[in-house]
Structure formats: C-alpha cells, structure tokens
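Below is one structure. I have some questions about it.
By written order: A, B, C, D, E and F. Residues from 1 in each chain.
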Amino acid sequence: MSLALIAALPFLGALLPGLAIRAGRNACAASAGSVTLLALILLALKVPTVLAGGVVHTRVDWLPALGLNANFMLDGLGLLFALMILGIGLLIILYARFYLETTDPMGQFYVFLMLFQGAMLGIVLSDNILLLLIFWELTSLSSFLLIGYWKHLPEGRQGARMALAVTGGGGLFLIAGLLILGGIVGSYDLTMILAQKDAIQASDWYLPALILILLGAFTKSAQFPFHFWLPHAMAAPTPVSAYLHSATMVKAGIYLMARLWPVLAGTPEWFWIVATAGLVTMVLGAGIAFFKDDLKAVLAFSTVSHLGLITMLLGFGTKAAATVAVFHIINHATFKAALFMSAGIVDHAAHTRDLSRLGGLRKLMPVTFGIVLLASLSMAGIPPLNGFLSKELMLEEAAHTTWISPWAMGLLATTGALFSVAYSFRLLAHGFLGPPRTDYPAMPHDPGAGLWSAPAFLVLLVVLIGVFPMATAAWLVDAAAGAVTGQPVAVEIHHWHGLGSAALWMSLTATGGGLLMLGAFPRLRAVWGAAPRPEAKRLFDGLIEPLAAAARSLTGLVHNGSFNRAVAVAVLAIAGVSLWAFLGGSHAAGTRSLLPVDFTSLSVWGLMVAAALATPFLHRDRVVALLLTGVVGLLIAPLFAVFSAPDLALTQISVEVVTILLMLLALHFLPRTTPAESTFPRRLADAGIAAIAGLGIGWLAWAMLTRQPAFAPISHFHLAQSKPGAGGTNAVNTIIVDFRGYDTYGEIIVLGIAALVIFALSETLLRSPAVTRRLANLPRPREDGDRHPMMLVVATRFLLPMALMVGVYVYLRGHNLPGGGFVAGLVFAIAYLMQYMASGYEWSQARQRHDHHVLIGWGVLIASLCGVGAWVAGLPFLTSGFDYVHLWPLEEFELATAAIFDLGVFLCVLGAVLLALASLSRLALRTGEAPNTRPFDIDPAMRDR
Amino acid sequence: MEALLASLIGVLTFTGVYLLLRQRTFPVILGLTFLSYAVNLFLFAAGRLVVNAAPIIGRSQTYADPLPQALVLTAIVISFGMTAVMMILAVGGHLASGHDRVNTGDEPTEDAG
Amino acid sequence: MTLLIDIFLSVLLVGGGIFALVGSYGLLRLPQPMQRLHAPTKATTVGVGAALVVSAFGMVPQGGGISWHELLITAFLLVTAPISALFLAKTLILRGEDPAPLPDSGTGRPWSTLSSDPDA
Amino acid sequence: MLKRLFPHPYLTLTLIVLWFLLVNEWKIGSLVMATFLATALPHLTAGWWPDRPRIRRPFALAAYALLVLWDVIIANFQVARIVLFMPRHKIRSAWITIPLDLRSPEAITLLAGTITMTPGTLTADMSADGRALLVHALHAPDPGAVRDDIKARYESRLIRIFG
Amino acid sequence: MILPYALLFMSACLALALVLNLVRLLTAPTVTDRILTLDTMTVNTLALVILYGIWGGTGLYVEAAILLALTSFVGTVAYCRFLLRGSIIE
Amino acid sequence: MMGHWIIAPVVLPAIVAGLMIILLRGSLRLQRLASVASIVALNGIAIALLWAATIHGPEAYHLGNWPAPFGIVLVLDRLSALMVALLSALALAVVLYTIGSRWDQKGAHFHPLLQFLLMGIAGAFLTGDAFNLFVFFEVLLIASYGLMVHAGGAARTRVAVQYVGFNLIGSALFLIALALVYGVTGTLNMADLAVKLPDLPEGDVALIRVAAVMLILVFAIKGALVPLQFWLPGTYANAPGVVAAMFAVMTKIGAYATLRVGTLVFPPDLPATGDLLSTLLFPASLVTLAVGAIGVLGATTLPRLAAFGGIASMGTAFLALSAFTPQTTVAALYYILHATLATALLFLVSDLVTRRRAHARLDQATAPIAGSGLIASLYLVAAIAMAGMPPLSGFIGKLLILDAFRDQAPLVWTVILVSSFLMILGFARAGSTLFWKPADSEAPPADHPPEAFCMTATFGLIAGLALLTIFAGPVTDWLATLADALDQPTGYIEANRLGQEP
C-alpha cells in the first residue's frame, strides 16, 4: 500500500495549498513542502530494500478486465527519479515561495505544482503501463496549466498550448505503442513486460510499437524534431522551468526509454532511431543555445541538448552507455536546476534575462555568480565538477560507437561538447564578467537567502558529486543502471583515465574549441543571424493554425445551418442505405390476391394524386397550398372508409379540420406567399430527390401490400378477445383503450405536451419587445368591418350544443362502434372553436368555467390514475375491468374502466387542442383593440344605431 | 387497388419531400404534413387492403386487421401534435427574427425589421 | 311495396347524382364569382340530401328500420350551408371579386363587410 | 326554477330529438340519457346565449319549415335549368337590397338562411345596422319582384312567428 | 333490383363531380372560388361516403358523414374568416 | 421482484407533471419543490430497479395484464435499469442547476416539460415493444422541443424549427420501419420478433433488412450519426444550457435503442441481417467521431464546441457498439455512462461561462469573468473528461475501446487517437481564450453571485465521473454480465412469457 500512498500523497497534498493560502503565503508553501517532505521520507524508508537489489511492489486491482491496475513498483530506476522529483521538488517549493510576486495567485501555483509532482511520481512508480499512461498525460495537463500560469502573457498561452499539443499528442502515440506492447505480452504490467524481451523483439508488432513509444518519449523529452516546444515553455515562471523543463518532466521520456530499455533496446532499429535522434538533438540544441540571448532560452536549448545526450547514450544499447546515461541524468538535474533558478534570480534582480543587456553581474551579485559559475562549469564539462565526469564517460562511449562510419559519432559528440562549452562560457562571460553596466532595467543585487539557498544546495551537490563521485553518486547509479539494464552494475567513476583515453582529447578539443567559438561570437552571430533557419514557432503555428482554420472552415461549411441540405442528405442516405440493404437479401414477389379497382376509389385516387402533384407547382400561394393539402387530407378519410377503417376515417376528418384551423391561425403571422428562391436546376434536383423517396416508399408499399405476413399477425388475439376480454365490439377501440392502452397513454401526453409547448412559446413571444412590435406591425389588408357576424353567432347557438351532443355520442359508442374519447375530444374542440370564431376568444372564454391547462392536467391524471387503479386489485397498470349492469327500468348497459381511461383521453385532447389554438389566437389579439362586450357586433334589435 | 394505394403513397412522399426542400418554414411544414399522410397510409397498408370488413365484432364475416388501424390512429394524433408545435415554432421564428427562412446562416443582413 | 320503395330510392339516387353533378358543373360553367356561389350551395345540398334519404331508408327493403342519423346530417347541412354561403359572399364582396356594383343598403349605413373601409 | 333548469327550452327539446336521431333506438335508457344531455349541454353553453328569443307560434314555425322544404326541392330544378341550359350571356344576375322589418337576430338569421336555401337567391351580407339584407339573385330579370316575393312569402310569416 | 345500378350511377356522378371540382380547384380564378370548391368537394365526398355506407349496408359511415358536414362548415368559415379578418379567432 | 415499480419511472413524472399543471401553475417555488421531489424519488426507484435487475435478472411487466406479444410489456433488465438510473442521476443534476441558475424563470412550464421528458425517456428505456418505443420517442421528443425553445429568442426558435423538422423526418422513418416490421412479421413485441425472425421465409429477407436499416437510421438520427448529425450542433448550441445538458442523455437513447435492437431483434447471428448493422454503423461512427473532433477544433462558440464534443462522443459510442460483441458492448456502455455525464458537465460549465460573459464567441476575449478560477477549473475537468484524457473515466473508456478493437487497430486507433488530439487542441485553444486571454477594453461584467445549486450540480456530475473512474473495475464487471445477457438474450425473451398468461 505504501507505494500507492507515496504516489497519492502529492495529489492529496494538492488540496492543501488552495486551503492554506488563506493562512498566508508561508503556510501555503509549507503545506506543499511538508507533503513533499513526507513523501520523501516514506520513499527514503524504501531505499535499503532497493539498494539491496529488491523491488518494492504495491498492487491494487482497479480494472482487471482490461489489465489496468493500480500496480506500483520501486526499483533503482524508479528510486532515482522519485528522489529527483521529490528532492528537487522540495527545493523548488522553497524557491517559488520567494520567487512569486504577491500579486501572483500562489495557492493556485502550488496546487498545479503538486498535481504535477504527483503525476510525475506516478509515472516513475507505475508497474502498469496503462497506469503509467494516465500519469503521463497528467503531466502534460499540469504542465499546460503551469506554463500558462501567467495568464496575461500571450507567450504563456501559446507556449502552454504548444507544449500540450506536442506532449499530449505524443502521449496519444504512446497509448497506441503501449497497447501494442501489452498486446504482445498479454499483460500491461511492467514486471511481466520486462521479462518478455524475446517475445517482444520477435513480434511483427515490435517496430510499430517501438516507433509509437519513441514518438511519445521523444515529444516529451523534446528530442529532434519535437524539440521546439521546450523553449516556448519557458514563458512559465522560472520555478516551473527549473522543475518541469529541466529536472523532471522532460526526463519522463528519458525515463520511459530507460524503463523499457531491457525489452526494446539492443536492436538495430532501436540503435538507429534512438541514437540518431539523440545525437542530432544534442548537437543542434547546443548549437542553438550558443546564439540565444535570453538566459532561459540558452538554458532551454541546453536542456534539449543534454536530453539528446542522454537519449543518444540510451540508444547505444550497451550496458556501459546506459550507465553513463543514468549518471548524466543525475548530474544534469543538479546543475541545470541550479542554473534555471539562478536565471530567475537574475531576472528578478535586473528585470531582464537578456544577455545583451547584462554583464558585469559578478560584482553586483557575488552569491549568484558563485552558484552560476560552478553550475556553468559543470555544464561545460570542466573538471572536477560532476558534468565533467559524465561528459567524459559519454565521449568515451561515443568514440567507440560506430554510426555511419567509425569516427562520425565521436566527431559529432565532440562537436556537441564543443558547443556546450561555448554557450556555458558565453553565459558566464556575457552575463557576469566584464565591467558592471549602468543601464540595467533595475539595479541588480543578490537576493535573500530564501531565493538562493535552493540553487546553492544543488551546486553543493554538483561539487560533491564531482569531487567524490564514488561516495556520493555511485550507489544510486548502480541501483538505477542495474534496473535499466537488468544486470548488476558496479560503476567505476574516475577523474583521470590516462592519456590513452579518447575522451581526454575529445574533451580538450571541445574546451579549446568552445573558447575559440566564444571569441568569435560577434562574427558567428552575424552569420547565424543571416542564415535562413526554420523558426519553430512559425513552423508549429504554420501547422496548427491552418489546421484549426481548416477545421473551422470545414465545420462551418459542413454545418452551415442549411436545413434543406440536411434533409437532402438524409433522404439520399436513407434511400441509399435501404437500397443497399434490400439488394443484400432475397426478395420474393407477393402472392396475395389483389382487390379489383372500384370507381369510387379510382376517382378519389385521381383527385389525391392530382392535388398532391399540383402542390409543388402552386405552393407559393400559401392559402392555395393549404387548400390543396386540405383536399388531400380530407380525401384520405373516404379511402380509410373504403378499406374498412371507420375509426380512422372519423379521426382523419376531425384531425384534418383542426390542423387546417391551426395552420390558418399560424398563417396570419406569416407571409401569405412564398418567394420564388430556387433556380430551375435546383428545383429539378429537389424533384429528383423527392422522386427517389417517393419511388422507394411506393415500392415498399407495393411489396408489402401484395404479400401475406410471414407469421400469423398478433391481432387475431385482439379480434378474438375484443368482446370477451375487453368488453367491446370495436376491436380498434379496444386496442386503443385496452390492449395497447399504454400507447394511447403516451399519445395523449404527446398532445398535452404539444399544447404546453405552444402555450409556453406564445407566452415567451409576447414577452419579447421585438415580437410585440412585429405583431403590432403585421400587414393588415383590407378587413371585414363585421368582426363577429350575427348570423354565425346565431347559427352557432344551435350548432354548438348539437356538436357537443354528437361528441358525447361518439364518446359513448366508441367501445363498440367507431368513435371514442379521442374523436369526441376533437368534436368538442371543433364545437368550441366554432364558438370562438363566432364571438371571439376573449368574450367566449370569459363566459366559460374551465381553464384549458386544467383539462390537460386532469386528462393526464385520470388516465394515469385509471392505470394505477388496477394496482388496488393487484393487477398491472392499465388493466381494465368491465361489467354489465341491470338497473331498472333501464335496459342492461355496460360499465367499463376503459371508459374512464377514454375520458382521460377525451379531456386531454380537448384541453390540448383548445390550449394550442387559444395560445395562437392570444398572439393575434391586437394591441389597442378592445375585446368585444357582446356576442355579435351588429344587433338589429338595438334601437339607437 | 393495391397499386393505387402504393402509387398514392409514393406521390404523397414525393410532394412531401419536395416541399421539405423549400427554403421557407411554411412549405416545409406542409411537406411534413404530406409526408405524414404518406406514412400513415403506409402504416395502414401494413394491415393490407380489405373492403367491407371493418373490425367491428359481429358486423361482418371477416375483419380487417385492427392493429395497424390502431397504430395509424396513434400516428395521426402524434403527427398532429408535432405539426402544431412546428407551426408555433415557425410563427415564433418569424416574429422573433422578421423572416421565415428555414436555413440558418444564410439570412440577409437587412433582416432586422 | 318493396319494389315501390326500391324505385323511389333509385329515382332519388339518380336525381341526387344529377344535382350533385349540376352543382359542380355550375362551379365551372358560371362566369361570375357570385353566380358560381349559387350552384353548389343548393344543388349539391339537394344531391346530398337525396343520398341521405336513401341511406335512411336503405335498409327498409331488406326489412330493416329507418336510420335516423341521416336526418340529423340533413338538418345540419340546412343550417350550415347558408352561413357558409354568407361567408363566401362576404369574402367576394370584401375582395371586390365580383364585377357587379353593390346596391345601396337604404338604411344610411354601408354593408357590414365594407363598414371598416373608409371609402365606403 | 324551470327557467333556470332549462334556459332554452326549445333547444332542450331539439336536443332530445337529436339524441334519438343519433342513437337510432327507442329505449328508456336513451330517454334518460337524452333528457340528461339536453338539460346539461344548454347549461354548458348558456353563457354564450344570454338572451332568449321568443317564439310566439311554434306550430307556425313548423309550417314554415315545411313550406321552405317544399320551395327548396321545387326551385332547385330552376337552378339546374339555369346552370345547365341557359346561355351564359342570358343569365341576368342582380343584387337586391331587402329592407328588414324583422329585428330578432334569430329571425333574421332564419330569413337569411331561407333566402339562401331557396334556389336562385343568396344572402350575401347585412347592412352595418342590421336593417337590410344584401341578396344576390342568380337570374332575376325583375329584381323588385324577387324582393317583394321574399318579404311576402317569408318575412311576413317570420314576423308572425317571432313577433 | 335497380337500386345497385342507381347507386352506381350516383357514385359515377359524384366521382365526375369530384373531377370537375379538381379542375376548378386547379384553375380557379380567385381564392374564394377555391374555398367554395373545397366546400363542394367535401359535401360530394360526404355523399360518396354515404353511398359507400349504403353499398356495404353496415351503417358504419354515417358518423363520418356527420363529421364531414361539421368540418366542411367549420373549414369554410375559417378560410373565409382568414381572408376577411386575417385572424380566424379574435 | 419489482412488480409495479417497473412502471413507476414512467407514471410518477406523468402524475407529477399533471398535478403541476392543475395545481401549481401559479407557484414556481412549489413547482421546483415538486420537481426535485419527483426526481429524488425517481433516483430511489432507479436504484431499486438496478438492484432488482442485478439480483433477479430480466423481469417483464405486462401492461393491462394482457399476455405478450398481444399487449405491451415493459422489460426490466440490467440495460434498461442502468439507463434509467443514468437518466435520473443526470436529471437530478440538471434540475438543481436549473433552480440555481433560474433558467426556469425565463419561460413557462419548464418543470412539467422536464417531467414529461423524463417520462418519455424512461418509457423508451423500459419498453419491450417496438411501436411503444416509437410512442415514447415522440413523448420525449416533443418535450424536448418545448425545452429547446424555453426562454425563446430568434436564433433558438429558428434552430428549433430545424430540430423539430429533422426529427419529424426521423419519426416518419420510424413509422415506415415499424410498418414494414409488422407488415412482414405480424408482430411488434421485440422478444417475439427475436423468436420469429430466425424462421423468416427467404422471400421476406430483403424487406426485413430494409426495416432493420431504417430502424438503425432512426436511432442514428437520435444519436447524431453522420450523415444524420446536421441537426445537433445548432440545436445543442442554441438550447438553454440546462436543456443541452439534459439532452446529453437523449443522444444516448439512439445508442441504447441500437444496442437493444442490434442484440435482440437483429443480432449478428440472425441469417437475414447478419453483420448488416455493423457494416453500416462502423464506417459511419468513425466519420462521426472525426466530424465531431474537427468540429471541436473548429468551433466558433463555446456551446458549439460542447455540441461537437457531443457528436464526437456519439461517434465513439457507436463505434464501440457497432461490433455487437460482449467485449465491445462493455466498452460502449462504460463509455456511454461516461459521455453522458461528461457532456452534461461540459454544457453546464459552458452555461456557467456564457451567462457570465458578454458573448459566447471563442475568437474574441472578454473581460475576465467573475469567479473565473473555479469556473476555469470546472472547464478543465469537463474538457479533460470530454477529450478522454486521464485521469477521468473518458480515458478508461477510450482504453477499453482501443483494447476491444485490437483487430482493426490501424484504422480505429488512428481515428480515435487523432480525434483525441484534435479535441485536446480544440479544448486547449478555447480554454486559453476563455480564461487566460485578457480583453482589450471591456469593462468587467457585473458581479455574478455564486450559485450554490449550480455548483452542487456540476460537482455532482464530477463526482459521478470520479466514481465511474474509481470503480471502473466493478462497473465493467457488472457491465460484462449485462453484455453477456445481451449476447444471449434468452433471459429477456423468457421474461416476456410469450403467449402465456402473464
């Protein structure tokens, strides 16, 4: 458990600074520091075990089915990295406390920092590569936040995005690579994977896995050609640069290569890819560093270069080279973090990091100078500092490695070292040596101990390791290199290898050459400045910005809000897919005997076809279009009647008229004509699409109509049970209110909701000033002066009760004959609408007792409760019951609970239709026009007119 | 007779889809109405065509399949509700924006009033 | 008796059919909009009336009773047809679709349809 | 009390008859239902028919109905003749103003309906004070005669019925 | 029995009438004519439905006819009101 | 056994909505109270149903006491119970957020419509009848139309026209498909279809294949699968934030229905259809994922970005569904759970941002928004979740899918990973503009009071994602049993008691 605890501690600790910041900046930093320290102590407790060659494991099952488990392990390599992460982390926390301004949100900083620390620690402690992936991506995320910490800096935003794009993107390659790796092995546990070298390297998937994994590692560790993001990440506050971009995060890629070294290394592919990338990165990074003026940029490219060095060493694939790599990881972390912190100090003091504006700081900032001096010399590889030790070993390895030709590697490695000397010395010379200047943006001075103690401690390590390598570092190198190579390592580190060692001469060449180069700086600088070279940011932006722009225009083009196109695409897709599906199966022509054509049907057919086909031509006059639609809708009714569906005929007729009323109400607010907007080719194309749809559906209808069902339809049950089981002779009605009453339940609720929606939207519309203005300005053609004609009112006085009676009749007979609650509700609604048309909505509604909402509510409630009522009898929802009642002197009659359900249907339909139409007519109430106070406008009986 | 119904369904679909491809809300709604006519008839056709056999028990010897009829009933009601909502949306869109185009993103700039 | 009813109903049907046809034909043939209004409101109503009567007595020859629903429809049509016609006429008047000029109402007030029109 | 129960007694009677027309069967249950509905529905709609027309001679109303029915049937043949056989240019359509002596809205509506249902004439509008009807005649070489005929044959009867 | 022939005759008349209605609907000079035609069409359809009911002898279609009568009236008045007043309910 | 409780998720919201309409129209406070109470109860019921489905296996509820396939049945199984639970959990977050943000004041009938929406969705999840599925689709759709235009506005209303119009086409297609199904087989009960379809005569195969693809296309419209996705960006981007969050579960209905129909009615081993559905869904879902990811990168406003994130998540979900194997189904369902919560979270965060910002555009900065630290963190979490980055469940879901599609690795992995990359880019660009980039000259917006209920809701969703992450093991184990049951649906079919007395 304890490894998991160590990994979890920073995450838990991430909560603290956010809270502790209320207690002050010291408390905030202390909270982060103490958590880190605690983790460090817990880690230290494991050191003996690891040094004794043991591997500490903690296993927690998380997602065993996938093989993703919270398995942790600690071996030498993990220990090395964990110590670095926590140790340097502790120093950074201290440093940052004094570095951040009071205006910077410190709580946030430490939260992000701790998140990062946890993620990084997770990477190096994971024994499961999927778990490692999770932490891997988390480092990308937290680094994104840290780089962008200074929100106001555009470089911060861009740098953060670039870093995330490169490392996050690389992480995606890594996902694929590790999944392949896990697939080859059959497990995602590192312990298992590391034991499967032969299987992995023999697999066909080895090369893809290798490339994908390396892409992940290279992007993270800023290896060529992915090195460009790191300098831009320098927009981050310096503690971040020191921590993430020199000591830890950028080494995650290195860690991964070292971690998988036992199973991936040793093949030509590995050598060629890794060593080459490392070599190129080393030389290139060092070269660029020499010409940079920004202190942090120098350090950034230097970091790139050193990471290249380590990568190259790992790429060699030998035990010795790997050991040197491990050693250099330690050394680089110490001097580079110290240098970054010092750069921050200079920036703080002089308000600039620009080497061309610095110089002469030696006297003004003696403490800082001391730190920088030692760290730079180490970086340059000057004895006896630790940088010298690992550089010598590196050159020795390079000298004995054949890459393209036997000497090419040695030559290039020496070149890299030479550049390294050059920029290290330049940093010293141009930053600190020479006479003090008078034109610093601010007068430089040494900071308080709070700021310099952390780099000083690191420099102390630089010196100690440099002087006493065997006492101070060898144990860690042995442990880590042992873990990397999988073999016991006992490193021998000496300052002097004798005159016969190639490294000595290479080193001397490098130092001398470096000094010469520094001397020639102005001239070289001019050449550099004139030479065309790719600028990373422009290249990256040149890649990403067009990508984003392309995405934007593509998205805008595809999702341009065109409904017509969406419909056209949908219709064609549906037709195409259906055709494809149809052709993929066998189809037999139907065998059903067909009905002879009768006269009535033929004429109705002809009318409907003609009306439908005329509509596309005449539709631009909207009243005409509505009339034609009405003709078609109306004529469907006799069609239903002919084909034995009286209930449908009733429903169709009543729905049709309500629809027409609704559309007329709506058309009042819309233009009366549709402008001619489509070109003839477009209309032709539309007609083509429509024809495809029509032919398709027509064909399907034909295919269906002419065949028998493959199995006996379930409706035989409904016909058989309609009377005995459901108590009604109208099988359609018993299906609606009983067998499938639940459908009807949903259906009336649809209608109820429709009305609510219409009401709600009309309310909203009336609240909008723009809408009310448009309503007041609706075009008003010449109008009838008689708003409520008397004769209509008088006729309605008779027709209304008649219609209501018809409604009641339709409702009551529905169970046994065509009709039912739905049609009855519509008939009632039509009757009421007649009244509204006659005397106006306001006048009529004022003399009425119910609110339409309540009707809908009761409808839903009655239908629901009728369903729930069955529970009382222990029966399922909507179970009906019926009985025949004898009540003298009446004839026998039937009482059925289905009638109660049908009453709910009735109420809901009535309420819904009335509410919908009332909402629309409310919109039409004209501003300033008072509602009528009498049922009709012209009353002949009034004497005084 | 079957051919009549099938072709009618096809023609109604044709008109419906054609109107759906117009650029104003009102014809689009009419298109949906036509489409729903076609679909209701198609659903009805799932019960096949029978004459003089209304599914009223005791009124004839054979009965038309009552189930598709019940389904069509449901479909008619639902499409009525949907049309109603679509209609008020069209009205709302027109009142709120001053025009009744159905495609967004191609409205002319002078559509303020 | 049965034969008599049969003949009577058949005559009704033939007559009703002709009237219905006349109504629809008149709609096409008559030149002025107001003239066209006459044809269907009456002729068609009579045609339908005939059909309704046949329907009401249709079962009598087979020994069934008289069906009274149809009477209701007839009554309904009689009540509604004039109102429909009135509204159609008002529409024609308002929109000025009939060529003939309107006479004066003789009461000093305009016809109601045009009463909101400032020119009236 | 009785007035409160039956705000429009003729309507109630009509509705009872209508119910029997609808259910098409003569049962006690139907009578109970008819009475119930014919009482309840007018109540439901009473607010929309605040005043009640007086019918002084209900039987004269029945006679009037038969007269109109007869006129409708007979005069339909005239319209058919005009529509089918009269050359278009010979059709003499005319607008006719009918000054009204009737004042009851119900009576005027009945008159207007009668005019429309009897062939050849059609009520097209009412004056803005409700004192005259605008009638269109399909073929009326003598418009004055048509007006007099309407007033004598129908309006006078209605005046007697409604008073 | 001549009744079936009479039925057929009237059906033919109505079908023909409907065709005439269609011609009118498509060629009508004014929108009022179209409304009138729709009204006529509905009534003709009503007659057809009645005839169909007589033919089948079931009497199941009378209610459809009642509704057709109701809707034809309401529809015609609504269309006219739309043309007369813009808003059919006010 | 749950008995009547199976229908409670349908009836309870309906009754509450009915009561709201009758009694509580005047008082928004009481409506809120009723709404929350109903949803809390729904959560309780959902948990009970989940428990029952886990313990007892599939159970049918015969409505009207009619035997299947003649009446309609509801079927409770792990899948339906899971979806109902997901729905009710999401609804709780949404209703709390609504109250906190006062979206419900901006128009009439928010709470009744929400209740009806819940009713419709729950009904769709629970039904065992194909036509009833249509009915409840319509219930949920029409409620969604109302919620979509809640609070009005020109752009919203106009987009709603498109949304409704397009869905009506979907409904029409659904009916055509159902007509074909009934016309060919004579039944509508899904279990009955599962029993009958293997015996389908050879000559009917072509028609039933058409019906099958039409059904899937209907679900694809709901699930915004390319090329039927055009309705989604506008709709989701213009819907009120809370509604868009609620809609996160609506696209999943398409996925649910596809899974149900694709495993029960037209399983891969059905001779008539074979791998028809897979062949259709696989390429479409890949393109959908790509379209969504490109949209995330190319989005011009935050709500649109969220909408395209939604499309991408549907592409991923359908991709995982398309194979119809137990392993992929587990991945799909886990991902669906994740994506629902994540999408909802993103929309809520998007609403938090846009309500505090002068405009929603991503190409122009505004003055820093009030409470930006907290909201930025919420955005970060939501973006991580949507982009499928660690440590949240999206990453695990993605790993599950990648692992399940090892056989088609080059294509599938490439699309998934490249899409992830584009989305990471898109979210990062948007986030840095929203929260980092300072505006040139705008005055800071008025102080926006912190909204306790809103925060409860968003943190609740985050907690959900965290739980899903932490308990990924137990969840996937549970889903594995579910997936096996879908693969061999005998339990589901037997629960219907076809042809026997209920």
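Brief remarks on what is shown
Here, a residue touches a chain if its C-beta (ideal position, glycine included) is under 8 Å from a C-beta of that chain, and two chains touch if they have at least 3 such contacts.
Because the structure is predicted, anything quoted here is derived from the model rather than measured.
Steps from chain A to chain C, taking the shortest chain of touch contacts, total 1. Looking at chain C and chain E, the chains that touch each of them are A. The chain pair with the larger count of C-beta pairs in contact, out of A-D and A-F, is A-F. Compared with chain D, the chain whose C-alpha mean position is the greatest distance off is A. Chain centres computed from CA atoms place A at the largest separation from chain C.
The chain occupying the central position, as judged from C-alpha centroids, is F.
The distance from the centre of chain D to the centre of chain F, with each centre set as the mean of the Cα atoms, comes to 61 Å. Note: centroid distance chain C to chain D, computed from Cα atoms, is 14 Å.
With centres taken as mean Cα positions, chain D sits 39 Å from chain B. Between chain D and chain E, the centres computed from C-alpha atoms are 22 Å apart.
Across the assembly, chain E contributes 11-12, 14, 16, 18, 21, 35, 51, 60, 63, 66, 70, 73, 77, 81, 83-84 as residues in contact with two or more other chains. Among the residues of chain F, those touching two or more other chains are numbered 131, 135, 138, 142, 145-146, 149, 152-154, 157, 159, 161-162, 165, 169, 176, 179-180, 182-183, 188, 234. Counting partner chains per residue, chain C shows two or more touched chains at residues 18, 23, 25, 37, 45, 67, 69, 72, 76, 79-80, 82-83, 86-87, 90, 92, 94-95, 109-110, 112-113, 115.
The list of touching chain pairs reads A-B, A-C, A-D, A-E, A-F, B-E, B-F, C-D, C-E. Contact residues of chain B toward chain E in the complex are 51-52, 54, 56, 59-60.
Residues of chain A touching chain C in their complex: 782-786, 789, 791-792, 795, 798-799, 802, 937-938, 945.
Every residue of chain E that touches chain B in the complex is listed here, in rising order: 56, 58, 60. Chain B makes touch with chain A in their complex at residues 1-30, 33-34, 37-38, 40-42, 44-59, 63-67, 69-74, 76-78, 80-85, 87-92, 94-96, 98, 100, 102-106. Interface residues of chain A facing chain B in the complex, by the touch rule stated above, are 560-565, 567-568, 571, 592, 594-598, 601-602, 605, 608-609, 612-613, 615-616, 619, 622, 625-626, 629, 632-633, 636, 639-640, 642-648, 651-652, 655, 658-659, 662-663, 666-667, 669-671, 674-675, 677-678, 686-687, 689-691, 693-702, 704-706, 713-715, 718-719, 722-723, 729-732, 735-736, 740, 743-744, 747-748, 750-751, 753-755, 757-758, 761-762, 764-765, 768, 770-771, 774-775, 816-818, 822, 909, 912, 916, 919-920, 923.
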